[in-house]
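Every chain is named by a letter (A, B, C and D) in the order it is written, and numbering of its residues begins at 1.
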Amino acid sequence: MDLKVKIGNVDMPNPVGTASGTFGFGEEYGELFDLSKLGAIYTKALTPTPREGNSVPRLAETPSGILNSIGLANPGVEKFLSDKVPFLKGLQCSVILNVSGSTEQEYIEVIEKTDHLDCINGYEINISCPNVKHGGLAFGTDPKQVENLTKKLRRLSQKPLIVKLTPNVTDISVIAKAAESGGADSVSCINTVRGMLIDTKKKKSVIPAGIAGLSGPAIRPIGVAAVYTVSRAVSVPVIGLGGIMCADDAIQYLLAGASAIQVGTGLFVDPLLPLKVLDGIKEYMEENKMNKISDFHSFII
Amino acid sequence: MDLKVKIGNVDMPNPVGTASGTFGFGEEYGELFDLSKLGAIYTKALTPTPREGNSVPRLAETPSGILNSIGLANPGVEKFLSDKVPFLKGLQCSVILNVSGSTEQEYIEVIEKTDHLDCINGYEINISCPNVKHGGLAFGTDPKQVENLTKKLRRLSQKPLIVKLTPNVTDISVIAKAAESGGADSVSCINTVRGMLIDTKKKKSVIPAGIAGLSGPAIRPIGVAAVYTVSRAVSVPVIGLGGIMCADDAIQYLLAGASAIQVGTGLFVDPLLPLKVLDGIKEYMEENKMNKISDFHSFII
Amino acid sequence: MEQFYSKVISLKNIADDYYLLDFRWNTDSIPRPGQFLTIRTTELTSPLLRRPFALSAYNGETHMASIIFQKVGNGTAILAQLQEGDILDILGPLGNSFSDYRISENGNITNHVVVAGGIGTGPMLYLADELKKTGKKPLLIIGSRTKSLVPFTVLNKEIETIICTDDGSFGFKGNVVDYLKSRSELIKKSVIYCCGPEPMLKGCHFFSVDVGSKCYVSLEQMMACGIGACMGCTCETEGKKKYTRVCKDGPVFESSEVKWT
Amino acid sequence: MEQFYSKVISLKNIADDYYLLDFRWNTDSIPRPGQFLTIRTTELTSPLLRRPFALSAYNGETHMASIIFQKVGNGTAILAQLQEGDILDILGPLGNSFSDYRISENGNITNHVVVAGGIGTGPMLYLADELKKTGKKPLLIIGSRTKSLVPFTVLNKEIETIICTDDGSFGFKGNVVDYLKSRSELIKKSVIYCCGPEPMLKGCHFFSVDVGSKCYVSLEQMMACGIGACMGCTCETEGKKKYTRVCKDGPVFESSEVKWT
């Protein structure tokens, strides 16, 4: 059985990754399990300068989901290079750096300052974060901007470029195609869904920033539909995520057309979930006599 | 305490309604409780000719949500007039006819053939159903089409015109504004969210039509965010729905800016929910010394 | 039909993963064999929808009612953990019943064959009991994969009962349709009623066509409202209306009305 | 820190809505006072997140551990229904502890004032016990709204304990800060440790500033990962880093580090 997944010029050992923002830069979960068993880790978003993020509370629970408004809190490139890279250097799995910014220039800067690192195996371009005022979601909803940004970043690096899509658009396949024609090696979807929780006692949004990002099992059907739509619109590999809580959920994504998947919110509920998902995928492939991940894509859903 | 809500030229006795498609034309739930206690019922979508709807299964359960793909199954105008109107004539609450079609002409036809009925107190224009191939969602995502359709329908009737919005767009406030400038008296949101569930044993979508509509508590944060956004963009009253399962949920919608709410999927879980929601709203208003529904809109969320 | 609350009187495990749940029927409308109810399994939002179950017994004097359910997923797993005294949130009785057809169309017939398979056993026990009480001669045929799935303890000894197991571990070896065929001479003078998995229903239907008996089947479909309002639970039927609601127009249909695929 | 499974040894209702849960600590790293664990309350998806609770006792010989929790919502309602033998899914020990500060910064001090309020009681019982065992003189001050909320049965008689109730139904009438003020002469020579609602922590902090004592507080914040990865649980601190993670950099902070608002 061959579990490898090729994204751009990189072979991930298996299709199971951990979603950006839910896994830090790997150190914390590294205390709980052997990260070399993963296909890839997708880091917390990185911006050129440190960001403190939004005010608290940044989290709230909703039916089968959570809202978050972290606001891209991250150490910035410099501290990333000094504090996080030494740890990442020791890892066996692919490391995909999630890149964010308020301007095109910021995305460019992150890539320019990190492209030399061997321990970074690729970039996930976060054009879809609902939790920052400038940039983020704005980039992600206009196909022209998506294509332009992707083109500019494409010139800077040979490493795989994965464009991360938001579900908060009229037609996600249009954005996916724009990323593809800009030169993306892959697209990942979905980022969080715009959502809001109001504290009726305080008569205020629970999360001070107001609208936040919904993730977790509540949005899994939205993610699967997005992957189904996108994988029929582009020919680059699609990475699926959103609400994966067990192997069966991940298999839904693969059958819908994903070549790889990411576990996000599910980690908070079951920190060893990525390993369980990987085992479950292997078992399923055995039972169904599948030899490679692309075998998932041969069914008429 | 004044619970009345004015939508166009109609006074609804209170803000609690039942969502289109979950309540038929009222007869069935009428066996369980006294419909005159409701503010309004929103009927199943009506099209000029009968529709059988989609093939089965039409329903599936997802985490804290359900997917449906009913496909606008309805008796058509003629049978509506003969079979349903006699029942509706006897009702005290407002009756809002949910109108659907594959072409503009079909929407027009439904209104022309029903506008003379005293027992119809208004129209909810369903431009946002994800479960039909033509029309439906297509109308709902293009602001120009929304404005044009609303204008055409506006000429046909003095009754309140409520345009029902889909969350499956990049910016729901643009569509809401288009409806408003087309002459809508109100907008309701949200309709179901595009979602999909795959049966990994059969390697097929559980629902044969593929992508279906997600509703229930899973989408409540999406609905509240939509109402919050829309009510800040338009000056007509907004009707909020999506995942209301208790009075607190409904109050979230009112605080977010809604003037009225609808209970949909929640009816399936608790058939008497609308009455409980109404009682809960009254209690909340008493505790918070509110005199009228618009008092909900005086807080900075 | 009414929504009402009722305390669990008892919950018994009666076969592998099969449970018998007894409770008081706290509403006036009397539930008939084939009718069902829906139960809300949690105050939380997952599992979300109410779960439908057919009545397996009803005693008009004591107002005691029962369902038999199989633990198959999250909703029934919650029910399987109920304790005596826990509160059930019930909506019912829903749908039509075998009795409607029995009385209106087959009042004079004496021989009635009642066929049950898997989770379809509950309503057929009730129907067999009712037939017996009204002086008819029911023959109850229960099909199971294997002996450990047969709910022996809830069977009424006064009713002629045939057990069929696929693996021959008890009673007749083979499925219920095999059994029907083995006794077609007798059965063709009877009315047939069935509840169980779709292939079984289909087999019974075509058997009934062959022998020329009337046949009634109880269908299952994913349900949301359970009362006819949402159009979610349709089945394909022959005739002018392509789709019919299982929850309201059924769940019991004359087998020739159903479009078998 | 490790994820492990453990059976419920016992669950007792110890005051209005307060429960004591005992279980075996099936991992090697020893939990210290102030550290916490998270529990998954259901296999289903609602409530979704693991729930954090501080350890209220740990016995290194028997490997028995305890938490004290208050039933406030859906997650704790599920925990309150646990039966002996049910399996707990635990992640811990998490965060830092009061002991870290006690040892590194206050090793020589004899008098320690341990202040608990509401659901903050658990970790402070554990801290008082530890202080006692290491030969220090802990004074435990517990604040409650009313007498029925005081967990008398779990109090250690060998530890000097003051109960404060807001309504005066037991012990000192007033809140814990009122009590501290009433005995400021004594307390200013002590180190103060607190866990409880934010206004209480703030009051203790400003009291400590007034009398010139060191003060340590355990904070609460909504948590997702509980291990420092998601940046969801930050609190505002003084100094260069505006936000600090409560789950990893805390939950215990020197009170002067915290930005009190």
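Just so it is clear, a contact is a pair of C-beta atoms (placed from the backbone, for glycine too) under 8 Å apart; a residue touches a chain by one contact, two chains touch by 3 or more.
This is a predicted model, so every value here is computed, not measured.
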{"item": "Between subunit B and subunit C, the fewest steps along chains that touch one another", "value": "1"}
{"item": "Per Cα centroids, the chain farthest from subunit C", "value": "D"}
{"item": "Comparison of B-D and A-D by number of C-beta pairs in contact, larger one", "value": "A-D"}
{"item": "For subunit A paired with subunit C, centre-to-centre distance based on mean C-alpha positions, whole Å", "value": "48"}
{"item": "Distance from the mean Cα position of subunit D to that of subunit A, given in whole angstrom", "value": "36"}
{"item": "Distance from subunit D to subunit C - Cα centre to Cα centre, in angstrom", "value": "54"}
{"item": "Residues of subunit B whose C-beta touches two or more other chains", "value": "63-65, 216-218, 245"}
{"item": "Numbers and ranges of subunit C residues touching at least 2 other chains", "value": "45-47"}
{"item": "Overall pattern in which the protein chains touch one another (line/ring/star/complete/other)", "value": "complete"}
{"item": "Residue numbers on subunit D that touch subunit A, as the complex places them", "value": "1-3, 40, 45-50, 89, 91, 221-236, 241-243, 248"}
{"item": "Complex contact set, residues of subunit D against subunit B", "value": "45-46"}
{"item": "Subunit B residues touching subunit D - in the complex, by the definition given at the top", "value": "63-64"}
{"item": "Subunit D partner contacts - residues on subunit C that touch it in the complex", "value": "44-47, 74"}
{"item": "Touching residues (chain side subunit B, partner subunit A) in the complex", "value": "62-65, 67, 141, 168-171, 193-198, 200, 203-205, 210-211, 214, 216-222, 224-226, 228-229, 243, 245, 248, 251-252, 255-256, 284, 299-301"}
